[in-house]
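Just so it is clear, A, B and C label the chains in written order, and each chain counts residues from 1 on its own.
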Amino acid sequence: MNSDKITKIILLFSSFIILFVAGGMVFSLVKGAIPAFKSFGAGFVFSNTWNPTQGSENYGALPFIAGTVITSVTALLISLPLSFSASLFLGEYYRGTRMAKVLGTMVDLLAGIPSIVYGLWGFYVLRPFLVGLGLPNQGFGVFTASIILAIMIIPYATSLSNEIIMMVPNELKEAAYSLGATKSEVIFNVIVPSARSGIIAGYILSFGRALGETMAVTMLIGNANVIPDGFFSTGNTMASVIANQFGEADGLKLSSLIAIGLLLFLITGVINAAGKFIIKKLN
Amino acid sequence: MNDNIKQIKDPVLSIRNLSVSYDKGKYAVKDVSVDIKRNSVTAIMGPSGCGKSTLLRAINRMHELYENIETTGTLILNGKDIKNMPTIQLRRMAGMVFQRPNPFPTMSIYDNVIAGYKLNGISLKRSEKDEIVERSLRDVTLWDEVKDTLYKKGTFLSGGQQQRLCIARALAFDPEVILLDEPTSALDPIATAKIEDLLVTLKENYTIILVTHNMSQAARISDYSLFMYLGELVEYGKTNDMFTKPRDRRTEEYLTGKFG
Amino acid sequence: MKYQHKQIAKSKLKSRALKDKAIRVLVVLLSVVTISPIVLIIFKLIEKGYKQISLDFILKTPPNSYEAMTALANGELIPGGIANGITGTLLMMVVAAVMAIPVGVVTGIYLYENPGKFMANLTRNISDILQGVPSIVLGLIAYIWVVKGITNGYSALAGSVSLAIMMLPMIVRSTEETLKMIPVTIKEAALALGVPYYKVILKVLIPTGFSGLLTGILLGISRVLGETAPLMLTALGSTIINLNITKPTSAVPLLIWEFYNDPNMVGLIWSSSLLLMAIVLSLNLISKQIAARTK
């Protein structure tokens, strides 16, 4: 065999490793989740009990699915006006200027802050501030966690929509200006419609990130194993329940946590695939 | 330069001492003064980089979109100094057509024609809209080709059709002047011929200013020609005169293909 | 031809211009709000954490809870440092890098060399999906594979595996993107000289794209350096410096989590976070510098 062939085989082999890792992940999660699904059936997904008492163990994932969806949707809604403004600042209003460079770097830096540092800041700075505004439960709960999550996804949402906004051809914008439109009219009638699907894809991907965030949420959501009954009530997300129940888990409880991990894996997988699919179609 | 100003009676546009600089001190257009005759086709010619597009874009103050571009001098459009006009109003009076056809890809053909009204937030009755759309599309001889597909996206049309749609979009506003920036440079000869015919008929109702680097195009359709070189207005006059007996050596060299 | 443009009312022009200005002001204001957290967070970390930073803080292990309490009671700085966390983070990052970089770079080369092929598209899509997997799920995986399957207990190796899986897709992507920017003619020139394929990769492709590859790897490392959740499920933590990859190990983010949960030690969270942030952000900036210089 000549060296070229061996090289090609090595290249192919390394890509097998990736496929093997991904396949192994699905296999291990499914295998680990089987005891939970055997005991509780499909009802595991729709049950809202979480009872670890020996002998009457009963676990359901609904409170955490609900908590995850509520916090992530709220985070998305909070981040939307902020990241959209920042992307207009970078991609349209101050495009190519020094100011845009500074703002862009700062937004990038937001992505570099570790989740646990966001959690600390949320706990020691944001939470007391919100308590001062009259937030119940010492400031723990869905709302506080969502604000921190919103800040965490801002850099992703901003850079993705900024990229798409920059791609809108200049000649389209000039055509609108030549008809007398003001800058904001150009933005809302030309730029946003042309960039719409790309911007939506960016927000879908950011939403996918919010779904899986763990530490900051764990430190702020209040860790109550119930379905949150409002923005200011406490709760738990799929990621946060794994983080704070894992230490004492074995047997059925461990299997239930792995099952929650499997569900989280599937949900984020679908969301990410959807976002990437839209972006791929655009290119 | 003063000998080049043709004093025209009741000009639609008179330009006095217009200079445009990109970086400080680097002039793309230098001290240009000229009067544009109503209901005529005026061609701006010159080699690439001579400032012809820059001159055109000064007329509807397009340069204000970009930083670092400085414009000095006076432009009087229909007796009014354009500096004192809101850009919104100015750009209604001076419609623009670009080098490459640029219909709005998210709008239907119908909406593209009335895009000016939509973008400016002017609400029209349905019948008014229908009338404007039909009249503008008829003016650009596109009506028969698209009347059954008005609600489809404009981007499915051929390049020539798209460019006529863009002219219709400018006409829909009933501008005084139509500014065209090399409108046929991205089109095939047949589509080009159609647009040239169209421009000649449009001058009955509008004043047309056309930037072109195609000399034969200028010769075919323009009444007046401006020749620019290195930002300066070298020669201005009746197209026929300029092509048969150019007064400036540079014009002559350009017209005979010595450079460009 | 009737002229219709005289219809625009003066008041309408004014209100539109006003609206345009208002939107611009709103965009600028919201943009400032958007970046204010980074300023507030860094300010807070420096304000609360700078006092604790010293040589001891890097070279010593943390005190026990009682020692910390006594120091607090006497109004002194908490003694000791986070040496076990720094060494643990270093150990796990090195092991993770050793696993992820070769596989990631070679896979990136494979994707670049076989564009459009079914296997390459599949690998690229799977790698993209891997990139979106939440880190806590990777912690679960490393727990099942390594803690349960290999080391029979929490271990640095398990932590490294979770971090390596996290870095892998980023390295694959950046390698492919970097190689795509190298002009094909450079590769063809080498192949035309009869150089074997592997030598073209080692002597032409990798050196030409080296700074791009380095940028991708550094960014990958800076992304996972602050990860806490997967390590809670895998490396667990340790009060002493441990360099045995089959034993539980601490890490800087794990220490922050422990300090946060211990009222006596809570004074150490800010300085630890400050140090962690300083490392992450400087890695970030360095990699961007390299990227900017080569562009």
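We adopt the following convention: a contact is a pair of C-beta atoms (placed from the backbone, for glycine too) under 8 Å apart; a residue touches a chain by one contact, two chains touch by 3 or more.
These numbers come from a predicted model, not from an experiment.
Across the assembly, the mean Cα position most removed from that of chain C is the one of B.
Contact analysis places A-C first among chain pairs (by count of C-beta pairs in contact).
If each chain is reduced to the centroid of its CA atoms, chain A and chain C end up 16 Å from each other. If you average the CA atoms of chain B and of chain C, the two centres end up 53 Å from each other.
With each centre defined as the average position of its C-alpha atoms, the distance from chain A to chain B rounds to 49 Å. Among the residues of chain C, those in touch with two or more other chains are 16-17. The residues of chain A that reach two or more other chains are 182, 185, listed in rising order.
Those residues of chain B in touch with two or more other chains are numbered 88-89, 92, 120-121, 173.
Residues 60, 62, 65, 67, 87-92, 95-96, 98-100, 102, 104-107, 115-116, 118-121, 166, 169-170, 173 of chain B are the ones touching chain A in the complex. By the touch criterion stated above, chain C contacts chain B in their complex at residues 1-5, 7-8, 12-13, 16-17.
Those residues of chain A lying in contact with chain C across their complex are 2-4, 6-8, 10-12, 14-15, 17-19, 21-22, 24-25, 28-29, 32, 81-83, 85-86, 88-89, 93, 103, 106-110, 112-121, 123-125, 151, 154, 158, 182-185, 187, 205, 208-209, 211-215, 218-219, 239, 242-243, 246-247, 257-258, 261, 264-265, 268-269, 271-273, 276. Those residues of chain C lying in contact with chain A across their complex are 16-17, 19-20, 23-24, 26-31, 33-35, 37-41, 44-45, 102-103, 106-107, 109-111, 113-114, 119-120, 122-123, 125-137, 139-141, 144-145, 165, 168-169, 172, 196-198, 201, 222, 225-229, 232-233, 253, 256-257, 260, 269-270, 273, 276-277, 280-281, 284, 288.
Within the complex, the chain B residues that touch chain C are 86, 88-89, 92-93, 120-122, 173-175, 205.
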